[in-house]
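Look for chain A in each of the two complexes below; its partner is chain B in the first and chain C in the second.
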Partner chain A sequence: MPDVQALVNEFLFKLKNGEILKIEGSHATARQTAILLRSVISQQRIPHTHQAAALIDAVKAVGEQLVAANPVELAVGNIVRRVLHIIREEDLSLTTVAMAGLNVSPVSDDEGETDQDDHPVLSAAAVAAASRNTLRPPSLQTLLEDLPDSTAIPHTSSSGGDSDGKSKSADKSTRSRKLKHDVIEALNELIGDIDTCHEQIAEQAVEHIHQNEVILTLGSSRTVLEFLCAAKEKKRSFRVFIAEGAPRYQGHLLAKELVARGLQTTLITDSAVFAMISRVNMVIVGAHAVMANGGVIAPVGLNMVALAAQRHAVPFVVLAGSHKLCPLYPHNPEVLLNELRSPSELLDFGEFSDCMDFGSGTGSPLLHVVNPTFDYVPPKLVSLFITDTGGHNPSYVYRLIADYYSNDDLVLQRKPAPTN
Partner chain B sequence: MWRRSASFILDNRNAAPPQPPAAAKPDTLTLSSAPPPTAAMADALQNPNPNISAYYQTRAAHHGVVTSDWLAQAQAAVGPRSVEGGDGSSSAADSGGVGGGGGGGVGRPFSVIDEFNNWRKQPDLAEAVAAIRALAAVIRNSEATTMMELEIELKKASDSLKAWDTTSISLTAGCDLFMRYVTRTSALEYEEFNSAKSRLIERAEKFGEISQKARRIIAMLSQDFIFDGCTILVHGFSRVVLEVLKTAVQNKKVFRVFCTEGRPDRSGLRLANELAKLDVPVKILIDSAVAYTMDEVDMVLVGADGVVESGGIINLMGTYQIALVAHSMNKPVYVAAESYKFARLYPLDQKDMAPALRPIDFGVPIPSKVEVETSARDYTPPQYLTLLFTDLGVLTPSVVSDELIQLYL
Partner chain C sequence: MGAPKKAPARAVSDDPEDLASVPLQAVLLADSFATRFRPITLERPKVLLPLVNLPMIEYTLAWLESAGVEEVFLFCCAHAKQVISYLENSQWYAQPKFKVTTIESHNSVSAGDALRLIYERNVIHGDFVLISGDTLSNMSLMRALQEHKERKKKDSNAVMTMVIQRSKPSPITQQSRLGTDGLFMAIDPTTKQLLYYEENTNHLKGTLSIDKMLLVDNSSITLRNDIQDCYIDICSPEVLSLFTDNFDYQHLRRHFVKGLLVDDIMGYKIFTHEIHSSYAARVDNYRGYDTISKDIIQRWTYPLVPDVLSLGNSATNLERQGMYRAFEIGQSRSAQIGPHTVIGTNTTIGSNTKITNSVVGKNCAIGSNVLIEGSYVWDNVTIEDGCELRHAIVCDGVIMKSGSVLKPGVVLSFKVVIGQNFVVPPYSKVSLLKQPTKQDSDEELEYADNDSDTLDPATRTMDKLNGDSSLEFSEMQDHVSSELGYGGAGYIWSICEGSHEEEWRHSVAPIPPEKVAEITQVIEDDLELVSQDSNAPASSGELKPDTQINAEDDAVYFEKEVEATFLRAVNENVEVDHVILEVNSLRLSYNMQAADCAGAIFHSMMKLALDATHSSQNELLRNVHETVNTWQKLLKSYLPGKDEEIEVILKFEEICLESVRELSPLFTQILHLLYEKDIITEEAIEDWESEKKDADEADRVFVKQAEIFLKWLREAEEDDEEDDE
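After this line comes the complex of A and B, so read on.
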């Protein structure tokens, strides 16, 4: 579809450029990815059989490109995988409803997951519950029920069609429209969730910030700003220490905002964090991404703050919208999930041109400048995650991931068509 | 609780008279006085050496370095019934229970224990799979005509298997899994009996494939955690760990392995042999050298005999020690375990499990007054483990109890 392709290309360009990251952050990226995928789905023509598979394929195709454009921006991959999970869920609930009256062989699902559904009549609630369960990781039944390796989604639609030939065509065409419709509805919900994540997190501020507390934060995060302001509005009086967050000094901007809202603020350098941490009651920070083991990819300097907080037994609270939750494990996050920015943020080229001259005779200069964007904070240093669904322990992250993502979507590369 | 108080003197005096010779007298090293059973009743077969963990004996047989006198003792224990050259002779895979039940015992009634032992001799087969195959043979030989009768027979067989070796976790887990599958699968109630029976047999046979498949899935999941130039410390011999390392070699990763010796069965030496065949740089450490070399190590990778509800693991003696050292030096500890090793156990400390004893040959006679700690396994609590690689996915220890509930649902 040329129309959609143009949109995709434009978004790809923005991602590669890095402009979105620098200017708008992962929230905007997530939102735009969701909107883009919604247009892809609504414009996708799907065949009458194997509809979910076709949709999944289309989304994966676009998703692959998006992720490849900027692998460090994890929110893109997260949203792609959320959409894929939504497609699978909607398809499953449609087919279980369809199966309900037909009293046929078990509903097969993605490889490795199945549920023996022998009850001839299913109430709607049971169907919803069943659909929740079948998309969970395999259980005892699945260990002992051997399953074909190929994706069973086409299997599902075809077995549904085979059993009741009479109403086949009519059934299928209504189903095809319904699947797309359901998916787009769910996607709209997702976009709504992304939009309101800041408000939902900020609602919980009152439970965590108490009277006369001292909060420490580093750099600037919109989520943290709204969180603190929400507590202020509920008439809690507290003080905020802001570490400036070199080399970008975004802490200065946050300080200005907070003072404008009437909060008592103290600005400190990053190096002073360890000295001041003993006077702090709680550390509240934002995150770039939350990984599957509960580890956090956060702006540089936060690992140090987390270590200081652990040393002085100060709770380290991370605020993250659910679009930042990534189902992947961080294998080597300091290298693979990091971005090195320009040395000009640290040094003035004018003064240092002789040290950093790559063109001079001997080739490599003696002065190297490393300017990483992100830090990895291991899960044992985090006390609490506050997401739009509530407060969670780092060890609970796996449940959120199981709710939002399917195992099959972890690898976005499309497999070659399975032989039946 | 009284066991752990300082009054071990009193305990010894109380415990000494009825104690059977095998457990407390390592210098003699002869096995229990119970005579090898001759005409065995199907369900009354006794484990010839209840004080010695058959599970760990088998592991030693498969993976350890076999000394000649150990072999002589093993022959003496198993008795004339043993099928000579048992390794791999169960190629008569589908020939049914009676034929494979014992080479010399023609006309003996079918015994699930025999069947199980037969399957267990295959070095590549996991215990749980052997148990399920044995139970499948029970079904095949059963003369029941209804599902209830069949279930009762299976329950009896499963109980006798479990009682035969109380120390093997995967055996118990495998039996439990199969029993729950049989009793819980409502599909079987609707089907006609003979087709249900054949379906059960077919599923049980296929379970063997699951074991292989599980290992491959685990190997695939763990690949990303092995990076070029890393140093991996392994303990004992685990087939899953070997599979992981083999796959890494196939993916052209460059790494080296430190192998602990794994006393007393020295299974680490066997693993070192296998790795050397794959051209992986291997270094063997004595068990005490782990802390000495831990700073060079990037990660610890172990298998598990069982994964318990808390998320901790039960593994060869020495694993807890290694995990403690790794934790204190901030090195990740990874566990590779298949899902059928998940057990409904919750040990609160090291002694909270059924004891699994294994005789240790020190090479010199030990005076009889001196006790020897012969336990073959220990429990590693979940806070020392970083991640578990299972065929259900990569899990943090806190996920295990959730998955367990799902599994036994």
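After this line comes the complex of A and C, so read on.
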């Protein structure tokens, strides 16, 4: 346990200073969060009863700290919620199997092993889908019934555990190990999934980028870079317009990368986007987070690009790994929609120091610099989301979220009295 | 002690692999060793004073942690107990990769003492960051540190890297936006070496004297007055031993930096690192406190801003127009909270209250119809209905009874009570403690007479100051109530401390317009004066050619002085040796060469000869003869070599052409005379001639005139040579 605490502290420190060191992307953060939670789970002592509840409690406790350390990085909260969901799903599948058959352990063991052997790199989505299939058919009916059903889950699971504990004490230890084992397996899947998300998205590039098209993007995103490069590798010839993405000018870096890989690249200022958009066939951008309503939190300036694209009926495509899917709505007070950064990115302090001399005049600052990091792009401006599971409409995002998250976990703050 | 200390440090800097393994250390001085924040600092150390609702030291520690410092030695002196108990209750002792060690001292009175003590502890093993607890920054140390280490590798004398930032001083008051006096630096633009450091340049009235050796030794230097010293230094361990070796170094800048710059025997060098996109500043006085608070609210210090950096669970929300509000606030609907305002947790604000450009701390109760403008209200303050606060600092626990008014620049120290409807005059400082009667003449001795037990500070200090205790206390209470209105408690400190000018320069309040007008008037007057002298004040980066003007002026004065001396010598029959002595002293005071003396003396001699009565050219020549005869010894003593002799000839030419035209026909004769008297050698004359060869006709007049003489000279020489053969 002290090891875990040290790990957590280290990660908390990294999260807090992520802004200063600028080394963490949301992809890396998501991956590290998942790895950290895996070690939390693996080192968590599991009591004989309320196993799932104990795990959920432990993960929530850590998750709360992580989210508090950097509320702007939504990927952390997303991963925490997904891990919670995984625990619930695994627990549910175990209890259903236990209640369904007499010969409990061999069946579930077989299931786990076949899973492992046949599909070593099965995506988490597939695992989730498979588990859902065994439990209930993914019909609209079940989705509608999802809410009462899932609230009932912890209850049934714990009661199942209780009865288990009373009836078969020998089976308890195997079951507890089983749950932890399954959860860690699923977590490994999740980590693998995050690792491969760029490739998974990039694989779909040829379906979207056609010969001699002009693509516009703003700022820099690793997902976009790999997406474009994947299309290039498939011998598609196309041109890329890059809006530089003031004030951080990451578009410059993207231009450098693309040119290094032999792509025809044009760099434009952000303010020239509207003038250029009529020549563009498709806008492809990355996102900071995709909200439950299909809205996108994206680098500043993208709302303007989206509006320009809409005006000229240019498709506005957003690439986002599934770790960026956030089950919260943008009106949720927990979601810190924006982050105001230092004015020094816009102005040179020395040059403007005389404008900020409070010693003369009325003493109140006359110059106020606002430097927001993010824009909110409403769902109606987005044509398509490309995630690692394929292309989706903004109106379908809620459905993806239902796949990945449990309703119980939307609020991460622990209630005074935990489960049961 | 010194030798074993230095040796490992040297080894470390030699081996790059070792270098990486040494954890980055920092020395944090949790004491400013200054009195600018009195009376507040009598009761609480400066580093614990809240800056936008967080103690200053939090910013410093948060920055050190984020910048990758792993071990901090926190030096506390004044109120050490308070600092330590604060740290014990904070998160800093529990950080895994960030070790905070406190070093306590009660008899250190300056930064120099602190560093000497740290040296004795022998805890610093490599390069370290030296910072004081009232500095905040968001710069990345990586580059500065790397530069420092690379320089250190090449030149072991590069002991310190000073972080600087560009910041224009106010053109009117000449003080920086942080309220500090103007700062002048000379920096080598290529190596970034600091060559000159001068504070308080506004007292110099636009002139600055720089050792001319600076110009001689460096191919180029940049002079800048738009620099702000961030007081963040990256030091090599040698710095500590330097402080120990020079036990009189007290102040980091005034003694240490200047000491190193002036004293080139040791050859230690200081370099600068200018930051551009990040922020660093030190709270030096109340104006700096105001400016830095506003910078924090304006997010220049990002991520060290209220909504990101929060202590405990008092989360703050950033709203439109730079309004920061904690989540639990009781705010009346009709209260107006203006832009750039921070409101702390559990504060209640009454109806029709207006707050703009201010910071309000935790658990404050603000009544109705209160006006708070540009003020800093700390925690647990009660402000009753109808009060007005403009540009004031109000410390913890203050009670302002209804209708009281704080004029701009007021500072209310802890637990002061302001009586009903009382108007506190501008720039007054009010404290429960009486103003120390004996003034420390030395500014360095901040809390020197203030040990740090946690007794009630009021009684303690009063004991100390007044000698006897409780009786006086009650007397004082009565006295106090009269001073701050009915029911008030506290003393208004008189403003004898420092000049009156200090007050408006360093207060939180903006400089009143009439003062600005006053200074502008003074500056304009100065400018007029200066423009008459055709000698404008040098601005940043340029060195006006006024030194040359001065040099010429000096030469004229010098010549006059020499002439006066010479004439006096002639009239009073002073011995030649004495005259030489006097001329020598003149030479030194005007910083002249021997050649200048010779020229001046020759000039005086010619004038003397001319002034004597003469009717014809021949008589004049005779006069010259006599004078030269009498004074040749004097002249000769300034002619050690050929160059000086040539100088005399050139001077002679000048005299003939300009001042004393009567002598010009006699040029050749006098030259001959000088030759005969062995005052001027033939080599000098030949050199003079060859020098003049390429000159224009006008300049060659005398060469032509002397042609016969020169020819004769050459022939004589040849004859000599032939004779020799």
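The criterion applied here is as follows: the second predicted complex is superposed on the first by the 338 of 420 C-alpha atoms of A that agree within 3 Å, B and C clash if a C-alpha of one lies under 4 Å from a C-alpha of the other, contacts with A are read in each partner's own complex, and residues count from 1 in each chain.
Here, a contact is a pair of C-beta atoms (placed from the backbone, for glycine too) under 8 Å apart; a residue touches a chain by one contact, two chains touch by 3 or more.
None of these values were measured; they are calculated from a predicted model.
Visitor: Look at A:Asn407 in the shared chain and tell me whether it touches chain B only, chain C only, both, or neither; answer first, second, both or neither.
Guide: So A:Asn407 only meets chain B here.
Visitor: For A:Tyr329, decide between first (touching chain B), second (touching chain C), both and neither.
Guide: First partner only.
Visitor: If we overlay the two complexes on their shared chain A, which of chain B and chain C does A:Ser395 touch? Say first, second, both or neither.
Guide: first
Visitor: Check whether A:Pro365 is in contact with chain B, with chain C, with both or with neither, and answer first, second, both or neither.
Guide: second
Visitor: For A:Leu340, using the defined touch cut-off, is the partner it touches chain B, chain C, both, or neither? Pick first, second, both or neither.
Guide: So A:Leu340 only meets chain C here.
Visitor: Chain B or chain C: which reaches more residues on chain A?
Guide: C
Visitor: Could you pull out which chain C residues touch chain A in their complex?
Guide: Checking each residue of chain C against chain A gives 65-67, 95-97, 138, 140, 165-168, 170-173, 175, 177, 179, 226, 228, 276-279, 287, 290-291, 294-295, 298-303, 308, 318, 321-322, 339-340, 356-357, 374, 391, 509-511, 516.
Visitor: Hey, which residues of chain B end up touching chain A in the complex?
Guide: Of all residues in chain B, those touching chain A are 177-178, 180-181, 184-187, 190, 203, 206-207, 209-210, 224-225, 227, 339-340, 387, 392-396, 398-399, 402-403, 406-409.
Visitor: Quick one: which bits of chain A touch chain C in the complex? Just the residue numbers, please.
Guide: It is residues 6, 9-10, 13, 16-17, 19-21, 340-345, 348-351, 353-354, 356-365, 368-369, 371 of chain A that touch chain C.
Visitor: What residues of chain A sit close enough to touch chain B in their complex?
Guide: Residues of chain A touching chain B: 116, 118, 136-141, 143-146, 292-294, 329, 331-332, 379, 395-396, 398-399, 407.
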